[in-house]
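Both complexes shown next keep chain A, but they swap its partner, so chain B is in the first and chain C is in the second.
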Partner chain A sequence: MAANAPALATQLKLLIVDDSNVIRRRIERCQQIEHLQVVGLASNGVEAIEVFRQTDPDVVTMDITMPEMDGIECVEQLVAIKPDVLILIISALADKATAVEAMEKGANGFLNKPFSDRQLNEALAELIGGA
Partner chain B sequence: MSSRDRSPAAQQGSMTTHSSARTRDRAATAGFLVLLVAFIGLVLVPGYRVADQLSADTAVLKLASEQRGQPAAIAKSLVTIRDRLGSRDFVGQAVKDLGGSVQGFDQSLAQLKLSAAGNSTELRAIESLWSDYRKALDPVAGFKGLPYRDSYSSGTQLNSSGRQLQKDVRQAIKSSRGATDRLDSALAAVGASLERQVVTASATLRKLMLTGVAFACLLVALLAYFQWLKVRHERLAVEAQNQTRDILGTVKDGLFLLDADFRIGKACSASLSALFRRDDFSGMTLEDLLRDTVTEKTLATAMKYVKLLWGERANENLIRSINPLAEVEVHFDRGDGSRDLRYLEFDFHRVKGDRGVRHILVSVTDVTSRVMLARELKVSQANAQVQMDMLLGLLQVDPDQLVSFLDDTSAALAQVNSVLKVPARGDGDFRAKIDQIFREMHRIKGDAATLGLASVESRTHAFEDLLQDLRQRSQLSGNDFLPLVVNLDEILGHLQSIRELANRADALRTNALLTAAPTARAATATPHDAGEHGMTAPLDALAQRVATDAGKKVRLVTTGLDEVPGDLRKTVRDIAIQLVRNAVVHGIEDAGTRRGLGKDEAGLLQIQFMPGERGSELAFQDDGCGIVPERLREAAVRRGDLSASEAQQLDTKASLALIFKPGFSTHDGNGRDAGRGVGLDFVLKAIQSIGGRISISTAPGRYTRFTISLPAQSGQQEAVA
Partner chain C sequence: MLEEQDIRAFVHGTTRYFEVAAQQAASVGSPYLVTEGAPEIHDYNGVIAVSGRRNGIVYFSAPRGMLTVLLMKMNESNVSHEYLCDLVGEVANTIAGNVRRDLGKDFAISVPSVVTGAGNSVDLPAGGRPVVIPIHWRSHVAKLVVCLQ
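The block that comes next holds the complex of A and B.
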C-alpha cells in the first residue's frame, strides 16, 4: 500500500464528486488537510471522469447514488485510469452490500453521511496517511 | 489491536532485538565450528604426526642401541674363526654367524638411513667406516667350502682356500681393531641424537596435549552455552505458550485467526465456545460458522468484506463502518424449545507479516446488553418525547379546567375504587358494579377527550374494554375484578404524572408571563379565556375530533353557555360532552350522504342554555338522521333486552326511552367515541342526580332534540323520560 501513498510533502489534488451541491460545498469548505487542494467538483459519474482526466487528482471523494453514472461504476473507471488513486466513498449507508461492492471495485474507504467536520478530516487524513 | 497502534520506533526496537539475537546465535555457531576445525587442524593432526614420529624414532633408537653390540660380536666372530683355523676346528658355524651379523648390521644401517637420523653426520661416518670394514669382512663372511685338507701323513692341514681364509681373517682382525671402537662410538652418537629427538618430540606432544585439553575445554564450554541457550529458548517458548493459553482462556472476546481460505485457526479463545455454544471450530470455515446464523445476503456480503481485508486496497480503518457483521442477531435453542436471543459483534483485523497479510484476526463480542441498553434508551427517549408532547399539550389547556378535571377525575376514580371494594353477593351485584364503574369511566373519557388529553382518553378506553369483556362473561366472580384494580392504579399514577407536568407547565406559563412583553402575554393566554366560561371551545374541539375520527364534518353553535350558574357547570358540561359525542356518532350522517339528502355537508349541532327563575333549560339539537323507534326496538330484541312480542307493544315514547338503558346501543362499532351504549345512560343519571328531567323529540331524517330541564337548585323531582 505504501506505493499508493504519495509523499506527504507533495501537494495532493482532491476531486469532490456528489450530486448535492450542498454536500460538495460542505466538503470543499470543511476539509482542512494540509497539502490537499480541491482541483475539481463533479455532480455525477460522467462529469467526474471528464474532470478526472483534466485535473489528474490523487484523492477523490465519491457519492454512490448519482444520476447518469453512479459512484460504483465511476470508481471502477477511475481506478482503471489511475490505479493508485485514493477514493473515499461518502454516502448514506442504506445497504452495506452496496458499500462493500464499491470497495470491491477499488474504493479505499467509506464515510457515512451525515458526517461532522471532524469525521471528514479524520477520514481524509486516514485515507492519505494510512494508505 | 492493529499494527498501527504500535509506534514505528517500538517496532524497530523489537526487530533489532530479534535480529541481534539471531546474529549472536549465528556467531556462536560459527565460533564453535572454527574452534572444532582448529582443534582438528592444530592439535589432533600434528599430535598424530608427532606421536607417529615418536613411535618410529623410539623403534630406531632401540635398533641403534641394539646394533652397538654388533661390531664387538663381529670382532669376536673373527677371533673365533682365526682360533678355529689354528686348531683346525670346524669354522662353518662361526663363518655363518659372521655372515648373519654382517647382514644384520647392513639391514640396521638401511633402517637407520630411513629414520630421522638418516642424514646425520654420525650415520654417514658409520656408513663410510662400515663400507671400508666390510671390504675386509666380505671375503671371510663369503667363505664357502672346506678350509682343510686331510692326509694320513700330516693330518689335517689348511688347504689353499683355508690359507686364504686365514689370511683374510688376519686382515679383517686387523681392520676390526680400529673399526670396532669407531663404529661403537659412532653408533652411540647416533643413539644420543635420536634420543634427543625423542625427548623433543615428547615435549611437543605434551604441549599439543595441553593445547588439546584447552580446546576441548573451550568446546565443552561452548556446548554448555548452546545447551543453556536451547533450554532458555525452550523455557521462553513454554512461557510464551502458557501466556498465550492464559490470554485465550481468559479473554471475554471470541478470538480466532482466519487463513486465506477463510478457515478458522487451531488457536481459539475459550469464550468462542460460550459465544457460539459449540466446540468444533477447528477446520471450520467462517462461512460454516455463520451459515445458520445470518441471512444469505448478509453472509455473502460478509465474505466479500473479509476478502477486502485480504486485498491491499481497502483501508482497514475506513471500512469498519460497513462491516456487515457489526451487529448480528443470533438465536440459540435453549433445549426446552425456547430460543435465546443474543447480539454478536464481529470485528476483523489484518495480521501482517513480511509478505503482506498473513491472517485475519477475528474478535467476536457479545453486545446483547449494549444493544438492549440502546433500545431501552430509544424507548425512554420516545417516552420523554411523549411527555414533552403532553407538556406542550397541557400548555394549551386552560389551567383552571385542567385542575378541575384532575380533581373531578381523582374523585371519580376514588368512587370507582370504593365501588370495587363493596362486597358483592351475586351476578346481579357484579353487573351493577360494572355498570356504575362504566359510567364513571365513560365520563372521565369524555372529559379527557374534551380537554385533548389523549393519554387519559386511551387509558380509560382500555379500561372500558376490560369492563366490556367482563360484561360478556356468563359468570362473574370477585377475582374477575382484579385486573381492574391494577389498571385503576395505573390510571391514578398517570394522573399523578399529569398533575406534576401540569405544575411544570404552570410554572413555565407563569415564567413566560413574567418575562414576556404585555402584547405577548395576551397571545400566551388560552383561547378558552374568552366567552362561554371556556366550555364552547373544548366542546367544539371534541366535536371536530370525533367527527374527524368518524369521517364526518360538523359545526357547533352554542348560545348562553356563559350564563350557566357555577353549581350547574359541571353537570351541563358532562351532559353536553355525551350529547355531542352521541350526536356526531349516531346522528350526523357522513358528508356524502348529507350531500345526497340536500343537506349542508357539515352537520349542525346546537346547544342552547336558557336560565329561568324556577329552573333553567338546556337544549341540544342536531340536524342528523333522527331516531327511528323501530330501529331501537330491533336493537333491544337483538340484545335480548326484550322479546319480539314485548317490543311490538312499545309505543314511540317507550321506544325512545330505550336509548337511556345502560349498555344500550344501536351502533355496532366499538370505537372510543361510541358504541358502548353508555353515553345516554350517563346523561340520564347525571340529570337524575340533580333532580332534572329530559325529553326527546325527533324527526327521522331531519333532527333530534333533547330538552333538559334543570332545577334552580338540587331538587327532589324525579326525572321523566
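The block that comes next holds the complex of A and C.
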C-alpha cells in the first residue's frame, strides 16, 4: 500500500461526510490532506448531495450510518451525478456484505472505524493514487 | 438473552476501539448480568438501538475525564461538552458497528443518541436483562451495557 501521496499536477477537491464532528476534524487533520483541498463538510447524505452539487469534489470520504440519508444511498446518488468521483467509505460497519454493497454502488475503497492516522493516510493515498 | 459468542464480540469490539483509536489498550473486566433495575450510568452515554436479528440497546457509558483524555489522544483540542457528546456517541456506534463482523448484516444499528448527567437514566427495553462489560483505561473506568432480547 502506498504510504506517500502520489505527485498530482493539481490538488484534488475533497468532501468529508460524517455525522461526527470529531471524525470530520480527524480526517481534516490527516497528513494526506496536504495533497487534497477540503471544499466541503456534511453530516448526512442529504446535506452531502447539496454540498456536492455546489463544490464538485473529486474525492469524497463517506460514513454509512447517518441520519436523513445513509452513506450507501448517498454513494449511489453521487456516482449518478459524477461517475468518476472517488469515494472512500469510512464506517464502523465491519461486515463483508456492507463493504460489498458499498463497492457495488460505486465506492472505490473501504476503511473500517476505528482507524489510526496511519491507516487513514494509507487509505487516502491508495485512493488518490489511481486518480 | 445474550450468548457467550455475542459477549465475546462486544468485548473484542471494545478492546479494539481503544487499541486503534486511542493507541493505548484498555482492559476489560468480567462481564456481569444485572438482575434488578438498570446499571448506574456515568456522565456521558452513547446509546445505539439494535434491530433485526436482535432487538434492544447497546450503550457506552463514560466519565467526562476519560472522554477528555481520549479526545486529546486523538489530537483533538476541542474538549467541549458538544465534542464529548459527539465522541461518546461515536464510540458506541463504532463498537456496535464492529460487532457486525461476527453477528452479520442483520444486526442493524441506529445512529447514536446521547444521554448526559450521571443522575439521569437510559431506558432499557421491557424485559431486557442488561449485561455490563467493565472497561478500564488509564486511570478511568467506563462500561459497555448490552441489553438485547
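Everything that follows uses one rule, which is that the second predicted complex is superposed on the first by the 117 of 131 C-alpha atoms of A that agree within 3 Å, B and C clash if a C-alpha of one lies under 4 Å from a C-alpha of the other, contacts with A are read in each partner's own complex, and residues count from 1 in each chain.
To be clear about the criterion, a contact is a pair of C-beta atoms (placed from the backbone, for glycine too) under 8 Å apart; a residue touches a chain by one contact, two chains touch by 3 or more.
Values in this document were obtained by computation on a predicted structure and should not be read as measured data.
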Checklist entry - Of the two partner chains, chain B (first) and chain C (second), which one does A:A92 touch, if any: first, second, both, or neither? => result second
Next on the checklist: Under the stated touch criterion, which partner chain does A:L127 make contact with: chain B (first), chain C (second), both, or neither?
Outcome noted: first
Checklist entry - Just chain B (first), just chain C (second), both, or neither: which does A:G106 touch? => result first
Item to check | Overlap of chain C and chain B interfaces on chain A (superposed complexes) | outcome: 93, 97, 112
Checklist entry - Can you list the residues on chain A that touch chain C in the complex? => result 19-23, 25-26, 29, 65-67, 91-95, 97-98, 112-116, 119
Checklist entry - Which residues of chain A touch chain B in their complex? => result 1, 4, 88, 93, 96-97, 99-101, 103-104, 106-112, 123, 126-127, 130-131
Next on the checklist: List the residues on chain B that touch chain A in their complex, please.
Outcome noted: 4, 297, 300-301, 304-305, 307-308, 312-315, 317-319, 321-324
Checklist outcome for this item: Per the touch rule above, chain C residues touching chain A in the complex are 16-17, 20-21, 23, 71, 74-76, 78, 82-83, 86-87, 89-90, 93-101, 104-105, 109-111
